[in-house]
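As written, the chain order gives the labels A, B, C and D, with residue 1 at the start of each chain.
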Amino acid sequence: MNRNLKLIWNGLIPENPIFRLALSMCPAVAVTTSVENGLMLGLAVVFVQVFSSCTVSIFKSFIHPRIRIPAYVIVIALWVTVIDMILPVISPDVYKKVELFVKLIVVFAIIISRLELFASKEPLVPSFFDGMGMGFGFLFGLCLIGAIREFFGTGQLLGYDILGFNPLLIMVLPAGGFFVIGFIMATFNWFEYKITGKIPTSGGAH
Amino acid sequence: MKEIFKITVSLTAVCVVASLILGFVYAKTEHARKLNEEKTEQQTIQGLLGYGAGEKIPSDLKVYPVYRYVITSDKGKTLLGYVLPIKDNKVVLAEMDLSGNPLKIIPITVEPSALSDKAKRDNAVNAVLPKGSKSLYAQTVFVADMGGKRLGYVVPGVTQGFKSFIKLMVSLNPDFTVTGVAVTSAEEDPGLGAEIQKSFFRNQFVGKTIELLKKLKVVKEPLPPNYAAALDPAKAKAKGLTPEQVKEIKEKHLKDNIYALTGATISSRAMTNGVVSTVKKFVYRLDKLNEAIKKEQLSVAF
Amino acid sequence: MNAKQFSNLALLIFLPIFLFLMVFPALVHAATGSGSFKKDTEIQISFGVPVDETWAKDTANYRVFQKTDPDIEIPVTSVTLSPRRTSAVLQFGEALNLSSEYEVQANNVTSDGKVLGNEEFLVKKSEGQILFTIFLGAMLINNFVFTKYLGLCIFFGVSQKKETAIGMGITFTIVMVLSAIMCWALLTFVLHPLHLGFLQIIVFIGTVAIFVQAVDTILRKVNPYLFKKLGVYLVLIVTNCIILAVPLINADSGNGPFESLTLGLGAGLGFALALFLMSCVREKLELCRVPAVFRGLPIAFVVAGLFALSFLGFSGFSIF
Amino acid sequence: MIPKPEWAVSVSPHIRKGISTSWIMWTVSASLMPALILSIYNFGFRSLIITLISVVSCMLVEAISQKALGRSASIKDGSSVLTGILIAFVIPPGVPYYLPIIGAVPAIFIAKELMGGLGYNVWNPALVGRAFLQASFPVAITTAWIAPQQLSKGVWDIFLRPGTVDAISTATPLSVVKQYGMTALTQQFGGLDSIYWNFFLGFKPGCIGETSAALILLGGLYLMARKIITWHIPVSTLASAALIAWIFGGQTWFSGNPLVHVLSGGLMLGAFYMATDYVTSPTLKSAQIVFGVGVGALTVLIRLKGGYPEGVCYAILLMNCLTPAMDEWFKPKRFAPPKAAPVAASK
């Protein structure tokens, strides 16, 4: 398979930042009461991840190794602030609900860890695709959780009323979010067990 | 030592470049963001006036904001000050005492469009007041005007809900009959109090005249099913009710009290109190304002 | 220095902050002398001198209105005078809006038959009440971990062992309190005057990073043992959302210095509490026959969900 | 993970007593029967049906999840039966019949089996089920009350028409107090004496098994006599609830009515049957007293200042959160603690 495609696939399933690497969990539960919110935050993460990966990849030779981390943080903060200014122009209603977490993208461990592990070593094109992969993996995770919680919590999908009643309201509450993620993670583990015959140990969480 | 110097310079450079980019993006987006905010507010107001999404807004519909200030004059007296739009795209500050007698009318030398920004408006008001007096922004109400005739009013209100404040907006027609209620922000419990935002609850207020509002109560009876269907446009459509039938059902229940949401009596009562007190206060003030405008022969824009 | 001594030290640091926060605003408040809400339909005012009962009981002597609605009076339905006749409780027929300001004007205050003149009272929630509400809200009612999902990464990462959880919780609280107040100062004295509000994310993350670096350097020199114990966490702190969320929430709701400090303290202690409880349960889970596919993070999430379910009991809690 | 030993060897002395887990579970379940009978008298056969549905679905969920997780089946130990009875006892009699079925899943699967099965759970399964239902179906759980003694007004009517919840709904005493104040309750019952008497005997709207303080007390005393539970948790819970209600319950301080708070809602049921759960309460007697004080205080605080009219369920769940920590705090001191290892000099 083409390496670039492989990088994207890698981010989507085998190293999905939410379910497999268990990085940056906070937004995964907090904003995903609906698909729309998950989509919005996911797109913001894709934007920040891709742009920071590219920036770091281009300027990697200029960044002194000792100030690497502060420089990365500034780069991320830069793109976060940019998206934080753009989103309210595009969709003010959804932005209101995810505002705090868009600002908090700056501390998402997934982004800085990709900069450190990948973009600081690789050229621009693979870095771009790696950023895309991780970003879309994140987006996919958020949308999956969002869809489950929105459907069971409010009987809707993407704001369209499907059931007409609330099947299990707890799903849109904090407790339901934790349950959903726990069960999705267990499902991922179960699939891996069925395929490889080994019970995986979930990744370090931060 | 040289290395430290190098590190410092490069970090500073990174920061400066980042700030410059941010400054650029900020300058580009700030205006659009503010416009967007205004647009959302405008849409809420238009929706309340009966021009929801998808409906064409007539070109001669104008919505004029009227800002109310509480002014403490240099002699220590408390006055009310209304920032009113007048003909020829000008603005005045009309002062009146607490019982509604007009006192002074001071022209304000600011473009009406700049008044939507609170800081700019506060400055403009303070600039025309004599030294030593203080002003405190209180409320904005909107007057809708269509082709020189008053179409209605949109009044914001706030009420203590179950957990935090419920912010709402009520639209009235010129005879002070409620034409719409919107909840602009609320943090009630999902599935219980949050149902106040649903149209079947909000639309119970529609059509209530000021006399009906004054003795409005909340009852803990279940909402009659056909009334519920008539109140919710989507449900009415699903049930196949014709507009005439909907109108008929609504008229039949017009004098009913507000049916509380099941399990959320507190939120229902809060909402009802909020709507009633908002309308009562507004009607009281508008009468005084209209009298003052007549007395002073002020050529207001609406 | 073991964990117990460390927690004692932390107590020594936090207790004065907490007492200061609770007492200082009350002193300031007492100095101005004004009214206070007793219930949502009652206001208490104190005159300073014993007043005549016949004057005080006459509801026509009072004018009460919301600060922004001076033209609309709220009718007083009845007045109860305290036994020593120095303070009165005004009752109203309608519920008051406790988060806004009211003004009470008492006309012709009469004491021992002499008319002393008019007196005005400003009635609002006292600072102490507001701070206590913020504190309790951040710590229990809207616990940052269980209802706002902040700091989950660290929460799941370091809650395996009780010892580390305690150390981490206390370190976090210290950093959160200090960075909250520093970010407030930067925002108020630098960013706002220069109209650079849009730079807040960069400035806040920079502040937290610099602060953590400083603690790191100082600890390394002053107390190498403690540094060895906490060094690992210090790095983690920079990339944690709960630390950055506190200044962002403060900036968003326009909190003053005391409110910022209280929010930082409440959020920090709430986080420490969550970490501690979680670590106790997870140590117990080590001995349980948890199904294989659930072992590790999945069961941790389920447990966090059960915590969140229990913490629902605090929802809608209001002391004042 | 500890490897499963081939033989179970417990600490000496190895003397067997005829008490097994299943005996305890069945005895506790049996002691709840008088309350169930009163509830049938009060609310009609509906309450019996709901209890049966709840018990059966709990047993089914347990059987299915044990099968799925590859564990040996332990249906016969009666723990799921007891959980089923308790779930039914803390929900209103007028709820739709599918509610206890849904409640059984979080109670048995999430709160018990996922944590490792009976003996390992941290939270009380029945209360997890109840809190889950409260969060998921707030309207049904807060409104589906039936006024007592529907028996005379056609018990079969309620039984046959399950969808008529709205028509039979009334308010529990606690929600009357919460919304309209104590005076409204006194008016409704016609005097304080009547309140005490009706609450004690159990003629008031409420959850299926919680209405009668007398019958629960009877069951609790029986359990104490059989040495299944001790007095520590129930007594400290009721005492602290009464104290807090007396201090904060009235218009001014120290003027509340403790008796109304102790007799109303599910406090009695919670104190005797839920807070005393072996697995989810602390082991040591001193810790148990602290646990009970916490349950009582939190219950009344949630009732008075919180968002719900009733707080027993959340109070016990919140104290369950603290149980593992309390077991640690109250750990008895070792007689000869090992000497602290010398702190390695830092480099």
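General remarks:
Keep this in mind: a residue touches a chain if its C-beta (ideal position, glycine included) is under 8 Å from a C-beta of that chain, and two chains touch if they have at least 3 such contacts.
Bear in mind that the values here come from a model prediction, so they are computed numbers and not experimental data.
Chains that count as touching both chain B and chain C, per the definition above, are A, D. Compared with chain B, the chain whose C-alpha mean position is the greatest distance off is D. Two chain pairs, A-B and A-C, are compared here, and A-C has more C-beta pairs in contact (counted per touch definition above).
Of all chains shown, the one whose average CA position lies nearest the global CA mean is C. Once the centre of each chain is set as its mean CA position, chain A and chain B turn out to be 37 Å apart. Rounded to whole angstrom, the centroid-to-centroid distance between chain C and chain D, based on C-alpha atoms, equals 33 Å.
The geometric centre of chain B is 47 Å away from that of chain D, both derived from CA atoms.
In chain B, the residues that reach two or more other chains under the touch definition are 15, 18, 22, 26, 30, 162-163, 189, 191.
Contacts with at least two other chains are made by residues 198-199, 202, 291, 294, 299, 302, 305-306, 309, 312, 315-316 of chain C. Within chain A, the positions touching two or more other chains are listed as 70, 74, 77-78, 81, 85, 166, 169-170, 173, 175-176, 179.
Taken as a contact graph, with one node per protein chain and an edge wherever two chains touch, the assembly is complete, since every chain touches every other chain. Interface residues of chain C facing chain D in the complex, by the touch rule stated above, are 162, 224-225, 228, 276-277, 280-281, 283-291, 294, 299, 302-303, 305-307, 309-319. Taken in their complex, chain B has these residues touching chain D: 162-163, 189, 191-192, 222, 262-263, 265-266.
Chain contact summary for the complex, chain C toward chain A: residues 146-154, 156-157, 198-199, 201-202, 205-206, 209, 236, 238-241, 243-245, 248-249, 252, 291-302, 304-306, 308-309, 312.
Residues of chain B that touch chain C in their complex: 15, 18-19, 22-23, 26, 30, 70, 78, 80, 98-100, 136, 138-139, 158-160, 162-163, 165, 189, 273, 277, 281, 284-285, 288.
Those residues of chain D lying in contact with chain C across their complex are 1-2, 69, 71, 110-111, 113-117, 120, 122-123, 128, 131-132, 134-135, 298, 301-302, 305-308, 311, 313-315, 317-318, 320-322, 324-325, 328, 343, 346-347.
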